[in-house]
């Protein structure tokens, strides 16, 4: 069986079977990861280009490791060391990368829709590694993988996504994927951080954290973008932490077996208390570890090597 | 047969046979590029260091890909993340790189002659990837490769190089190579952009674009360095575009089968109209693709692996 | 025989036998370095992460080359292109890197003790590549290797370390290692640059260069941190060069077979005269070359692959 999509731009067009296939492919690579020799020759001779217009340790490194463990050649291209300073358009940059025979371009960009623009312009496969406030599909896929790894079924699963949902590509991709798989998704945050009409995406809205967390099995905390504080989405960081920060007290509102997730990097003491981040219910580092396996799966399926 | 030069600093010392050898070696690697596994083990265990003191997507990535497809190890070294901030001289930096057993150093530097200074100081092979306004030999070689790929003979070939010839290392390397191969080279631009006495290099000077393009078989557009506009080489960008920008109307002055080249990155609507850049006569992306094959050829021949 | 340490944070806990083992392991890799194919498959499938919070050509490149020649995958992570700008703590960054299955983390950081903090927080092996004014163990090991390569015995060896000893992690690591091996170590510099009570480390203090150099067999010059000049450790650079700069005249005070060392990058004409840096007694570039072999040895022993 193979993925019928050339690109991974959004989770919207993926079927439940597509998602299933990606998770199962990741399974086989997760096993590889645990072995002494963590490499497979699947993508030997292929080229993956990480085209990152925004800084990101985690995602860039995760894709780089995933590609290297598949034995692909990886080129990192970030704007500061590039012709972007010379005013070249995104598409011209990408066409040049394609002309050099990049098989897969992994794009991180500050504009929503950049990945789609790129995919329309090049023949290489494009993976969206985050485009503005739009989507971050591999993050949602690794979140799904992590939930599934804990033995939870998606059908009827109660999930609370907490924080600045309006400006979160992680939230958007997760809502699309989780609702598609039959989960009951809640979004929790102050009115300034919940988009109007989000109920149409099939989610329930909560403004009080305690209400939102009640009986959920998965708590997905979003990172507070501290640099956005000036935009008056909330009065102060302290106020935000008091109302929406996840403490061990609040975790008790949820199902006793609930897991705590966070896409990272975490702001300790802001959206998540240190004792929660480091608790047994936290799967934050599992998410990071699974990210490599899931991205190996996606790169492998995208490459058509299967 | 093998190249008798340890370094590639300029096209001036290369014989017609040397150039021929490089183009033919590139041929064999171009074939590899088209295959599923785009790698050959030719330079396995060798180290190529990209020593880039100026930002450049295209050239750095092209050399990195070329080296990786030859299975060499590649180290990227750019001044911002380096001891250059500590005031080390170019030569001391290079001798250190050499001591670490770099087989080939690829140098991009803002000073004319930097590559030659380096080559005199180290035993590693040095490839000039652009030094100030002096030369950019691999760019000229890939341009030759692209012309030849279109089935054109160099002898008597009519080529127009258009733009800021005075400050272009690309123009300089191409003039040296094309005249050596027997082409008839014209340079076209405003008097402020054409160096006095350039006729001694064996070229004809034109100040009107229409005249310069008449019946040429190759139109080689140079990038307008927008950041130099303040230097009063021309009144405004709009004025420059009107007088020297290549439009589809103007392409008609040239031979009906003429090809359009540009070293990139292009300024759409300045030196080249978008419809020309994207037209069938444009070989701009072929140049990029051929750049990898030509650099594979140069690295291979420089390494003495043949 | 194998190294019983998971990390290399300092030279203090290493026994003479441990040091001996590292130098001998480096021997076997030094031989590899001289061959056409400079690679061994020892660390194939392992991941080494260069986590550099301070710029450094030499050290980062040396570790990168060492790892690549062992066939490991190498990820470079430097703060400018990272989530450090988002305010993540050192430990959270490192735990994420570990979760991605980094086998070894090589850390350069401006704070003394950063490597130890890291090592306590992660299961990956940690190699200190310089932490503030504290230590730089692989630099001292490559210095030992270079001395030994010249056929000198450590027992009773007279070594002068000259310059800003107070702010030098290189000096500190070398003093620990050399005294452990039985060398007679002198430190030479103005009172502002020699820490009070350093005699407790088993060294003798000299304030006049000529006295300090008398009959020594090894002259180890430290780099003058020009950027610290404002801190009034000495009146002017010229004054420092006159009093503590190593000239060929001064080298004559030392043993006729004395070697001159410097960790680089050198300030020509400040702490070392150009004719001394380039003289036959200088082993500065040997140090650089040996750095790769010694780091291969350390990475190999740390990885547990032996």
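Going in written order, the chains are labelled A, B and C, and every chain counts its residues from 1.
Following the convention adopted for this analysis, a contact is a pair of C-beta atoms (placed from the backbone, for glycine too) under 8 Å apart; a residue touches a chain by one contact, two chains touch by 3 or more.
Chain-to-protein mapping (UniProt): A, B, C = Aspartate carbamoyltransferase.
All figures in this text were calculated on a predicted structure; none of them were measured in a lab.
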*Shared interface numbers for subunit A and subunit C above half of all numbers used, same, or below, different?*
different
*Rotation, 0 to 180 degrees and nearest 5, that superposes subunit B on copy subunit C via CA atoms*: 120
_Separation of subunit A from subunit C, taking each centre as the mean of its C-alpha atoms, in whole Å_ = 40
*Can you list the residues of subunit C that touch 2 or more other chains?*
80
_Touch list for subunit B against partner subunit A, complex_ = 33, 35-39, 52, 55-58, 60-62, 64-65, 68-69, 78, 80, 226, 264-268, 285-286, 288-289, 291-292
*Which residues, counting only subunit B, touch subunit C once they are in their complex?*
44-47, 49, 73, 75, 77, 80-89, 92-93, 95-101
